[in-house]
Amino acid sequence: MSIWEYANPKKFMQTSAWALPWFTGLAAITLVTGLVWGFFFTPEAANFGTTVKIIYIHVPSAMMAINIWVMMLVTSLIWLIRRHHVSALAAKAAAPVGLVMTLIALFTGAIWGQPMWGTWWEWDPRLTSFLILGLFYLGYIALWQAIDNPDTAADLTGVLCLVGSVFALLSRYAVNFWNQGLHQGASLSVDKQENVSDVYWYPLLFCIAGFILLFIVLVLVRTRTEVRSRRLKALEARERLA
Amino acid sequence: MIALLLRDLRLAVRAGGGFGLSLAFFLIVTVLVPFGVGPEGGTLARIAPGILWVGALLACLLSLDRIYALDFEDGSLDLLATAPIPMEAVVSVKALAHWLTTGLPLVLAAPVFGVLLHLPGPAYFWLVISLAVGTPALSVLGAFGAALTVGLKRGGLLLSLLVLPLYVPTLIFGAELIARGSAGGATATPLLMLAGITAATVALVPFAAAAAIRVNLR
Amino acid sequence: MIALLLRDLRLAVRAGGGFGLSLAFFLIVTVLVPFGVGPEGGTLARIAPGILWVGALLACLLSLDRIYALDFEDGSLDLLATAPIPMEAVVSVKALAHWLTTGLPLVLAAPVFGVLLHLPGPAYFWLVISLAVGTPALSVLGAFGAALTVGLKRGGLLLSLLVLPLYVPTLIFGAELIARGSAGGATATPLLMLAGITAATVALVPFAAAAAIRVNLR
Amino acid sequence: MAALLAIEALAVARGGIAILERVEFSLSAGQALVLRGPNGCGKTTLLRTIAGLQPPLAGRIEAAPDAIAYAAHADGLKATLSVSENLQFWAAVYGQSNRVASALAEMNLEALAQRAAMSLSAGQKRRLGLARLLVTGRPVWVLDEPTISLDAASVALFANALRAHLALGGAALIATHIDIGLAEAVTLDLTPLKARAPQDGGASGGFDEAFA
Amino acid sequence: MAALLAIEALAVARGGIAILERVEFSLSAGQALVLRGPNGCGKTTLLRTIAGLQPPLAGRIEAAPDAIAYAAHADGLKATLSVSENLQFWAAVYGQSNRVASALAEMNLEALAQRAAMSLSAGQKRRLGLARLLVTGRPVWVLDEPTISLDAASVALFANALRAHLALGGAALIATHIDIGLAEAVTLDLTPLKARAPQDGGASGGFDEAFA
Amino acid sequence: MMPELGKYAVSVMSAYGVTVVLLVGIVAQSLWRAARVRRALEAQEQRTGAHNG
C-alpha cells in the first residue's frame, strides 16, 4: 500500500469518482463565500478606491497560474522517472486550466492598471514574466496536440516542461534586471508590517482556497477525461490491429 | 564527428546557401523595419540594437527546421542513432553546424546592417561581442526545439512557438549589453549573464535534445 | 470551389490551429520587440504601427509554405491540376483560405497586441482598417511566391526571400496609413494606394501563380 | 466508333531529355491498354503527358476535353480527413456528389467510412484512391500502377470495377509491372519505343541546337 | 559457438499496442535468418526494436554492444552528395574509411562513384544503401527488405556479398517478401507470433492497468 | 444590494466579467469534452465487448 497505487488508472478512476462531488461542493462554497464577501462586504481602500475588489480574483489567479506550472513540473517528473501514465495525463489536463488562470491574472491586472497606473499595459517585470509564462503554457498545449502517439507526447512535453521551467526562472531574473517596474511587492508575506489589513485579508484567504479547490475539481474532471480518451485510443488501435 | 560536421556544412553549401539565405533574411528584416517605422535617424538609432537582435533571432529561427528534418525524412537519423556516435554528440555537432552557417555570418555581417539603422559609433563593438557570445545559445536552444518537433508534419510554426520563449533571456541580455555598452555603462553583468547562459545551454541542453530525438525515433 | 475552400479550412483546423499558431507567432514578435528595444512607453508607441505591420507580415510569411506544400507532397496538386477547376481558381481559393486562417485573425487580434506596444488611442481604428485592407494582398502575393517554390526541397527561406520584396509597398502604405491616421493627417492617398494594390494583386496575381504551378508540376 | 483517346507519333521528355518516341495507339470505348516496360523506361512520364500535366515533345494527343481521370502513384489523401470526407471532396470537385455512397460500396470501404485516412493500411489507402476514380464520372482512366500494395481480393475488386467501367463505354490506360487480372486488355511493350539519340534521328530534347 | 544475437520471449509494440510476442531465436556466426509474414504483421517494428531504436515491451535482446548494423527501408542518402561522398561519410562514422573502395567495387558502383545520388535510379540507390553495410564492419546485419527495386543481377550481387559476410563469421537477420536467393538461410514465419489481446494472456501495450 | 463602486465601476465590473467568462468557459469545455469522450468510450466498449475502467 503506497501512494503510487493511486497512479494506477483504475484505482485513480475509482478514487476520483468518489472524491469529486466532495471537492465540487467545497469549491463552490468557498469560492462563493470569498467572492461575495470580497465583492459586497469590503470597504474602499485609501489608495486603491473600490478597485481593491479586483484583488479577490487577481491574486488567487496569479498564484494559481504559477502553482499549476509547478504542479505540472512535478507530475511530468513523476512520469519521466516512474512512468505512471496518470501523472502525465494530469499534467496534460492541468495545462489549459493554468493558461486560463494566466489569462485571468493578465486581464484583471491590465484592467486594474488602467485606473491605477494610467495604462493598460506596462513592461513591468512581473507582468512581463506572466506573459512569458502564458507563452510557455501555449507551447506546451500546442505540443501535446501536435503529437499523435500519447506516450511520445507525454515524454516530449515532459522534457519541454523541465527545460521550460528553468528558462521561466531565468526569464524572471532577466526581466527584473531589464526593467524596475511599478507592481506591488509581495505583501502576502508573513511579515505583519507589510501585510494587507485583515478586512481584505480574510475574504482573500477564502478566494485563494476557492481557486485552489476549483483547480482540483477541474484537474480531476479533466484527468478522468484524458484517462478515458487514452483508453479509447488503445481500444481503437487494438481493434484496428485485430 | 568531424565527418558529420563536414557533411552538414557541405550539405548546407550545396543546398544553395546555408550562409546566403539567413543573411538575406536578416537583411530584409533590417530593411523592412525602416519602411514600417519611418526613416528618421534618431528613432532608428534608438531601436537599432533591439531590432538587430530580433532580426538575428528570427533569421536563426527560420532555419531551425533544417537541422534534422532532412535527415529524418531520408532515414539518416535512424542510421545515425544506430551508429557508434552518441546522440548527444550528433545534436551538438548539428547545433555547431547550424551556428557556423547562420550565427557566424550574422555576427560578421551585423556591423554592415548596423549602418542601415544608423547605429551609433561605440555600439558596433558591443553589437559584435553580444552576437558572438549570444548566438551559440540560440543555435543550441533551436536544436532542442527542432528535436521536439522532428517528424511532425509542418512543425515550423510550432517550433517557433516553442523556441521563442526560450530565447527571451538571451535576447534581453544581448540587447541590454549593447545599450549599456554604447552608453558607456557597466557591461559586466549582462556580459557575464549572456556568457553564462550560452555556456550552460551548450553544456546541458544537448542532453535534453538527444533524449527528445530518441523519443521521436521510437 | 466551395468544396475546396471548406476542405482547406477544415484541414487548417484539424492540423491543430491554422488560426492559433499564426496568432501566437504575431504575439511573440510583438513581445520580443520590447525586450530588444527596451520598455519605455514613448519609444514603443512611436514604433508600434511599423512593428505591428512587420509582425503581421512575418506571421503571414511563415505560414506560406503550407499553402501548397502538403498538397504537392501527397499528390493532391497533380489531381487538382487534372480536375475540372481552372488552376487560377485553385490558387485564388487557396489564397482566400490562407487569408481566412492567417490574415483575418490578425486583423481581429491586432488591437490587443496594440495595447502591448502602447499604441496611441486613435491609431487602433486605422490599424484595423489598414490590416483589413492590406493583408489580402499579402496572402495573394504569398500564394504566388509559394507557387514559384512548390516542390523545392527546403524552399522556406528562399520563399521568404522572394516574397518579402513584393511585400514592401503594402508595408509602406499600411504603416503610413496608421501613422497619418493617428496623427490626424490626410489618409486618402495611402488608403487608396493600399486598396489599389490589394485589388490589383487579387485580380491579376493568381494568373501568374497558376502559371508557376503548372510549370512546377511538369 | 470514334476513339476516346488517340496518340500519334508522341515523344515525351523528362529533365530535358527525350525518353520515349514514336508512341502510337488509340483507345475506343470498352478497350483497356496495359503499358509495360522495365523501370525507368518512361511509363510515368508518358502517362503524365497524356493527362496534360506536362507538354509533349512532339506528336499529338487527341481526347475530348475533360475526358481523362488520372490516378498517380500518390493517392492525394488527407490524413486528417475521414474516408468519406476525402471522397466527398473529390466528388464535389467533379460535381458527382451523388456517387459517393456507391463508390464506397464498390471498393468495400463502407466499414471504414468514418476512419481518418491516416489510420488506414497501405492497401486500404490504395482502395480509397481507386474509389476516387469512380466519382470522377470521366470516361478515360489513366492509371499509374494502380494495384500496388493491394492483396489478391482487392485486385479482384479493382478488376471488377474496371470491367464495369469498360462495359459502360469507358476506356483505360494502365501502367503496371504486376498482372491486373484483366484478360481482355491489350498489352503495349514500351521497350522498343525508347528514344534514340538525336543524331540517329531521334526526337530532340529541346536544347539540341548546340549538338548540331 | 556463442550466439552473436539472442532474442528471448520478446514482445514488441507500435503505437502503444503489442504487435508481436513470444519471439525467440538466436543467431550464431555464419547464420542467416529470414523473417516472413504478411504486410503490417510487425517485421519492421521487430527489426527496429532489435536495432535499439525503440524499447521492447517485454523480453530480452542479447547482443554485444556495437554489434548490429541496421539498414532500413530508407537509405539515408544525401541527394546532393556524390556516391563516393555518401559512402565515405558513413565509413568515417564507423571508422572504416579504408573499406570504401572495396565496397564500391563489390556493389558494382565504381562507374557511378562521381554521380550525385539524386541522379541515380532506384536500384542504384538501393545498391549504394547496401554498400553502406560493407563499411560498417559490424558482424550482425539487420536488414529490412534489402532487395526491393533491385533487378535480378543486383540481387545476385547482394546474395554474394551476404555469403561473403557470413563466411567471415557474420550473421544476418532479414525481413523480406521476395526471395533473396540464399538457399542456406533459415526462415521464421511471424504469423503465429501475433500478439494476443491482453485478456487472453497477451503482453500488455503499456497502458493496460485500466483494462483490469 | 449592489455596492457603490463609484468611478471605478467599469473597471471592477469588467474585471469580474472577464473572470467569470473565462472560468465558465474552461468549466464548460471540461464538462463538454468529458461527456463526449465518455460517450465515445462507451460506444467503443459496447462494440468491442471490452469492459471496466
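Just a few scattered comments:
Letters A, B, C, D, E and F mark the chains in the order given here, with residues in each chain numbered from 1 onward.
Methods note: contacts are C-beta pairs under 8 Å (C-beta built on N, C-alpha and C of every residue); 3 or more make two chains touch, one makes a residue touch a chain.
Nothing here was measured: the structure is a model prediction, and the numbers come from that model.
Counted as hops between touching chains, the shortest connection from chain A to chain F is 1. Chain pairs A-B and A-E differ in how many C-beta pairs are in contact, and the one with more is A-B.
Here chain B and chain C face each other with the same set of residues for the most part; over half of the interface numbers are shared between them. In this assembly, the chain whose C-alpha centre lies farthest from chain A is D. When chain centres are set by their Cα atoms, the one at the greatest distance from chain C is E. If each chain is reduced to the centroid of its CA atoms, chain B and chain C end up 25 Å from each other. With centres defined as mean CA coordinates, chain F is found 52 Å away from chain D. If each chain is reduced to the centroid of its CA atoms, chain A and chain D end up 56 Å from each other.
Note on chain placement: the centre of chain C and the centre of chain D lie 37 Å apart, centres being C-alpha means.
Counting only residues that touch two or more partner chains, chain C has 15-16, 21, 24, 28, 35, 38, 153.
Within chain E, contacts with two or more other chains are made by residues 210-212. For chain F, residues that reach two or more other chains under the stated contact definition are 50, 52-53. Here chain E touches chain B in the complex through residues 48, 51-55, 66, 68-78, 80-81, 85, 88-90, 92-95, 132, going by the rule given at the top. Within the complex formed with chain C, the residues of chain A that make contact are 110, 119-124, 131-132, 135, 138, 142, 145-146, 178-179.
The part of chain F that touches chain A in the complex is made up of residues 1, 3-9, 11-12, 14-16, 18-19, 22-23, 25-27, 29-31, 33-34, 37-38, 40-41, 44-45, 47-48, 50, 52-53.
If you check the complex, the residues on chain B that touch chain A are 144, 148-149, 152, 155, 158, 161-162, 164-166, 168-169, 172-173, 176, 189-190, 193, 197, 205, 208, 211-212, 215-216, 218. Within the complex, the chain A residues that touch chain F are 9-10, 13, 39-40, 44, 49-51, 53-54, 57-58, 61, 96-97, 100, 103-104, 107-108, 111-112, 114-115, 214, 218, 221-222, 224-225, 227-229, 231-232, 235-236, 238-239.
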